[in-house]
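Got a structure for you, questions after.
Chain IDs A, B, C, D, E, F, G and H follow the sequence of writing; residue 1 opens each chain.
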Amino acid sequence: MKLPPNTKFVLIGDSITDAGRDPSGEATPWGAPGHGRGYVGLIEAWIGATRPADHIRLINRGTGGHTVRDLKNRWQTDVLDLKPDWVSIMIGVNDVWRQYDTPLRPEGHVLIDEYTRTLEELVTRTRPHVKGLVLATPFLIEGHRGDAMRKTMDAYSDVVRTLAKKHDAVFVDIQGAFDEVLVHTHPMTLAWDRIHPNTTGHMIIARAFLKALGAL
Amino acid sequence: MKLPPNTKFVLIGDSITDAGRDPSGEATPWGAPGHGRGYVGLIEAWIGATRPADHIRLINRGTGGHTVRDLKNRWQTDVLDLKPDWVSIMIGVNDVWRQYDTPLRPEGHVLIDEYTRTLEELVTRTRPHVKGLVLATPFLIEGHRGDAMRKTMDAYSDVVRTLAKKHDAVFVDIQGAFDEVLVHTHPMTLAWDRIHPNTTGHMIIARAFLKALGAL
Amino acid sequence: MKLPPNTKFVLIGDSITDAGRDPSGEATPWGAPGHGRGYVGLIEAWIGATRPADHIRLINRGTGGHTVRDLKNRWQTDVLDLKPDWVSIMIGVNDVWRQYDTPLRPEGHVLIDEYTRTLEELVTRTRPHVKGLVLATPFLIEGHRGDAMRKTMDAYSDVVRTLAKKHDAVFVDIQGAFDEVLVHTHPMTLAWDRIHPNTTGHMIIARAFLKALGAL
Amino acid sequence: MKLPPNTKFVLIGDSITDAGRDPSGEATPWGAPGHGRGYVGLIEAWIGATRPADHIRLINRGTGGHTVRDLKNRWQTDVLDLKPDWVSIMIGVNDVWRQYDTPLRPEGHVLIDEYTRTLEELVTRTRPHVKGLVLATPFLIEGHRGDAMRKTMDAYSDVVRTLAKKHDAVFVDIQGAFDEVLVHTHPMTLAWDRIHPNTTGHMIIARAFLKALGAL
Amino acid sequence: MKLPPNTKFVLIGDSITDAGRDPSGEATPWGAPGHGRGYVGLIEAWIGATRPADHIRLINRGTGGHTVRDLKNRWQTDVLDLKPDWVSIMIGVNDVWRQYDTPLRPEGHVLIDEYTRTLEELVTRTRPHVKGLVLATPFLIEGHRGDAMRKTMDAYSDVVRTLAKKHDAVFVDIQGAFDEVLVHTHPMTLAWDRIHPNTTGHMIIARAFLKALGAL
Amino acid sequence: MKLPPNTKFVLIGDSITDAGRDPSGEATPWGAPGHGRGYVGLIEAWIGATRPADHIRLINRGTGGHTVRDLKNRWQTDVLDLKPDWVSIMIGVNDVWRQYDTPLRPEGHVLIDEYTRTLEELVTRTRPHVKGLVLATPFLIEGHRGDAMRKTMDAYSDVVRTLAKKHDAVFVDIQGAFDEVLVHTHPMTLAWDRIHPNTTGHMIIARAFLKALGAL
Amino acid sequence: MKLPPNTKFVLIGDSITDAGRDPSGEATPWGAPGHGRGYVGLIEAWIGATRPADHIRLINRGTGGHTVRDLKNRWQTDVLDLKPDWVSIMIGVNDVWRQYDTPLRPEGHVLIDEYTRTLEELVTRTRPHVKGLVLATPFLIEGHRGDAMRKTMDAYSDVVRTLAKKHDAVFVDIQGAFDEVLVHTHPMTLAWDRIHPNTTGHMIIARAFLKALGAL
Amino acid sequence: MKLPPNTKFVLIGDSITDAGRDPSGEATPWGAPGHGRGYVGLIEAWIGATRPADHIRLINRGTGGHTVRDLKNRWQTDVLDLKPDWVSIMIGVNDVWRQYDTPLRPEGHVLIDEYTRTLEELVTRTRPHVKGLVLATPFLIEGHRGDAMRKTMDAYSDVVRTLAKKHDAVFVDIQGAFDEVLVHTHPMTLAWDRIHPNTTGHMIIARAFLKALGAL
């Protein structure tokens, strides 16, 4: 298990990470809403159930609709000021999606150059201050790889893969994890909009994280 | 894995099983509420993520506040009419709790004789029609075993253990699973009322089920 | 224009037809909710604006989530009892969708044999009593024709085309109308779930109807 | 079609233009509320359905209850700052209405001199910066031309007609479009308050715009 | 004053009479909603303030949207069973309005023959059992007498006038009372939809009643 | 009638005056809430119905719970800035009530010296700027004059009477108007709390005003 | 203490008894609403705090707005079917109040003859089946004994006193308990409507009960 | 009785003290919410019922979730500025609870050193300005004294006992009062979360206060 005892672990991202968290973004004794109903809550529950003596503290800093441009705006307060031991970043879904759902509003599109430059800037600002970094790919729950939006999303995933290697981060291939299941399962079963998965989809994400962290 | 492909698996119980399920009590593509936010949803998500080709169908028939007496009233429509391949029963929390939270209302108490007799009757009516049966203990998230309510709950757990052995059911020791974690974790961290756990608590339950079914 | 003055025109279907109609399903002086926010309201508005002297009366009988099996259950009260001059049927989206979003619940799937048989039964019961009949295809706002769900949907569209020819109905090829636009527009722009279109999508449907009826 | 490809087209006005738009005032993939339920949404849908390759972007800047005095207050931020290619103005209903529904509150009345002066000021500030301008008349859905409020409204329409000619704007005669329909249809059928039309009324407005722009 | 002490006075009608009454339709000590916010409440308040020793009891039986056809359906329970001393009927607005706001739905239109026949039937059934009867005209807050709907409404008013004379009822000319005010006041000041008046409009109605009853 | 045509008349007070007014505190064409459901709305309706050509404009500036101390705080903005022709003040109910409903909170009590001094200060600041002033008594709907709270209230009424005489104001004796009715009617019929009257009680107040103004 | 251990004690009445109870009308571990916020909850809390070993069970059967006529209608199900050991009846407030707040609706008035006859009938039906009976007076929080409603209420209290003596019931003089406090406290401090007391008023009632039962 | 007539008594604390109070935190004539539904309201009601001539004024300054650290932040405005005669402090539940329900968030834990130091600082700032001071223990409704959280809570209670003695304060042993009842009653009967008691639990607290103050 890569996270040692007493680790403070901040996970930042968009609505997939947010998943209905409360403002604290932390575990509470009265149910899951602290961490939301998504993969962060599942990771927290798994570690709490299997390693109760390790005192791993998760903090969810996902916010619905955010792109990497939005993360940059809140990086100081939402990441660095928390003085985390480990940080996870999963971003890019909205950077791509806005190009396809509102193609006539270019001011909302984060093209791949800005995405690469901004994500690397955040990684560079953070890496020296943390013991570990996790970079997870964005994804589209779409099996047809020739789909225009899937192709764009794959290009953004490649950026994440490259940056993870370059900056010594744990790489989590969420798109790859979904692709394995999509062999057997139609996208409509996992998410009506091909973006926001049900609990099975979040378990796929959580398992990809736990495997990459050696905690499964 | 004890559940073969194409199994229809009905899980019945009280609010721990219910956990906010929608009336269908089944997985949906738009999030978890079909199976609720508890252990049934977690089991469903785990199996959906790890065995997508197996087509295991879960049906949640938990109802908040129910005792074994209430299960009996809806056994025909909520279990037998569904023609399940496997059935899981986790009941008893309210049978005991009402003796301690409203001690002056004896009409709401299901004492251990009625509990044993009724649970065995349900098992006997069901066993011949199903390929597999799971019996899980009720529990109290209370580490002090001398507590009066914990002692009563343990006696009900013993009934479940005995019936599981007698009727060839898979036995799931939820109380035991919690006791392992309570060595490190105070009950207040898992549940303010010592009954309704947060997601970590539901993961403890789900893992106990998955282990007993050989699916972890 | 195929609808003569003083025609009573009933349009039945699923949520695409319903589109938030009020129970009356008819035009009101205080806004669109009578006919809903979809293609029925657009057709009504177009005719009301271009042929105010013709007194064409539309009645919306769409109901969200319905399959052809559900239409059959309400055919007498919702169609025949209204003694319409013309009837339009657009059904099949949910018949197909349930096979892909909840694949483990076969009781909700209307397979192509049942679909064909039931739709033809409804057409046969109705044709002798009406002056005109419109049959419109179901559709998926998905440009990739190799997608499993799109292939199934196309097969259902073929059934509609065949029945229209056989029973002297006006045929409206909604899927074809969308395909023309999908050359330029990604599905995400028209509908996040590839099913429920925005107003542009409903205008595509309405125009296909108006063209087929000679009213554009 | 007067709007060339890649045009950014801002439409400003009162509640008739607003029609329940969301704050963005732009098309969204999840239905019509971006552009509201009125004529702007209908124009957007018509162009999206018939010219998907043209990428015409509409921006709705209607606000309920506004007079030309209110438009002036937000002209810089709501029109000029958006750097539109084309602008449409439809204003005057409330300027007149307040004189008749709250006659004892003169501070809310915009009399015809102020109306003329302010509208011309806005036109003059805008004309040099845009490729095209649309001026549409206010209207009252009232067939009786001797009605005091109708007479006032007609005088305001004349102002719009004059300014359109003088400043090389496309003129849209909404009142005239309604008058054609009112020959056959009583005002009560289109709008209980003779101001806010149902979808048929908005289609009448949208068609008048599309005709004037050569897009029908 | 025509109503002697200890009179029980039932007033029946449509939404003008109803005006938000509570189900009791009677005065309460905690505000006006018993009698609603309309003319019935004003009459009750005037009599309560000026003749507190007379113990005149009003009962409001107005129901929004009703026509004379609806009154007939509830005449036994809502009028005769109450054993009133006096009865007031003001009906006809919706009988006429439906012909103009939803002209394509003839099943909702109560034409003048049915109106006359039904109203006279109600009067005939009631007259022998009561000490006094009030018949009030329906009305349209529209000064232009050439308006089609106004002309229809005037014809219905004539029916009421004729029946009042024939059956010895107190006649209240509501339309006439509004016409006097409309010389100075535009309809928009009194009612946005020309039907449901503000408190000034209800005071006009109440004063017409009080004058006719000799209570002003 | 003391109010000449084109008078602007501001009425200020507490919840009796407020009576649910909207923030504008002025008549609207869509019902009574502009002036609230109390005596101000009734006066407005009476004048609108009987003198439509006079254009008397009422402005309601009542605020629930206010004492004369609160009026002073908003006197500039709520009265003087409006440049009224006539002003009416009815205040004192809460000044007295707080002494009886929360006797242990002296900071909320406005004793008779402060009441007299403050009310006279407001009168003095206002009298030179207006054509007419109305001073109305506070009141308690309590027939038993020996009741401690009634005695206090009567003393405050005497202050109002004295100031009216001294400053040439129209005096309206609300308490006296209620006393006449209380001979026949128990307080419980008019107001459960003996303060906030039903519509009959507000009509008693409105008639006292109208009489004093020569408008009944 | 007159109630022996293990007593089941049903308290029936109107809104004073009800006080917002939940349908069970019994103590719950999650706050007071089982017994409501009134005197029943206070009695329950006092006994629970001072005699926890006695297991006295209270059941609240108060219902807002009820008169003795209403109690009769539910006597079998709400009292006798519960097989209580002791019963308390406090009724009469509404029997009297309706005569004063809605004097024109005689069908809601329960006059003293019907009150006496009905209350005695209930006492007679119940006395043989219970070990103890409590009869409490209705009351008005009004110090002026010449008030018409107070005089009527006192007559009803006398009925209760007489019946208590005749049928061997514990008599609780609630009116008397309030009268002692009213020497120092104005009615407005205890209840705005002189009927529904605040917690101090309910403590006055509870103490009167506890004294009469020897439990203070 | 230690509180002399005309005492102003401020009670500060956490949610146990707050108990749903309204912002004023003072008695109102329309029920209990001024003082909340907890022990403060019960003390107020008891004193109001037994000593109506004493005019003891209570002010509730409890706030849910607060620790002694939070009290310090609002001490000037919420205590000293009110110039009380007597002050009561009951604090510590959340100081301890946060260590057990969210053990991974140390920033929310108030350890015993900070608790002792801060509480003594508040006592020292206050003692010279008041006639009397009450210090009440925090508590856990848990009979098992070996429970880790109970042991911590007992240590905090010891701090309160020591400070009370040292600073001449009335000491109220709430934990001791609960322990007496817990001999007969299981914690689940009094509070599902072992912290927030039902009315019986609040009566136990109120009686402990009243006894210590000589007012029972």
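FYI, a contact is a pair of C-beta atoms (placed from the backbone, for glycine too) under 8 Å apart; a residue touches a chain by one contact, two chains touch by 3 or more.
These numbers come from a predicted model, not from an experiment.
Shared contact partners of chain C and chain F are D, E. More C-beta pairs touch across one of G-H and F-H than the other; that pair is G-H. Inter-chain spacing, taken between the CA centroids of chain C and chain E, is 45 Å. Here the CA centre of chain A is 63 Å from the CA centre of chain F. One inter-chain figure worth recording: chain A and chain B are separated by 33 Å, centre to centre, where each centre is the mean of the chain's CA atoms. Annotation for chain H: residues 27-29, 101-103, 185, 188-189, 192 touch two or more other chains. Of all possible chain pairs, those that touch are A-B, A-C, A-D, A-H, B-C, B-G, B-H, C-D, C-E, D-E, D-F, E-F, E-G, F-G, F-H, G-H.
Against chain B, the residues of chain H that register as touching in their complex are 97, 100-103, 144, 146-149, 185-186, 188-189, 192-193. Residues 26-29, 55, 57 of chain E are the ones touching chain G in the complex. Across the complex, chain C meets chain D through its residues 27-32, 35, 37, 41-42, 44-46, 48-50, 52-53, 181, 183-185, 188-192, 196, 198-200, 202-204, 207.
Residues 101-105 of chain E are the ones that touch chain C when the two sit in their complex.
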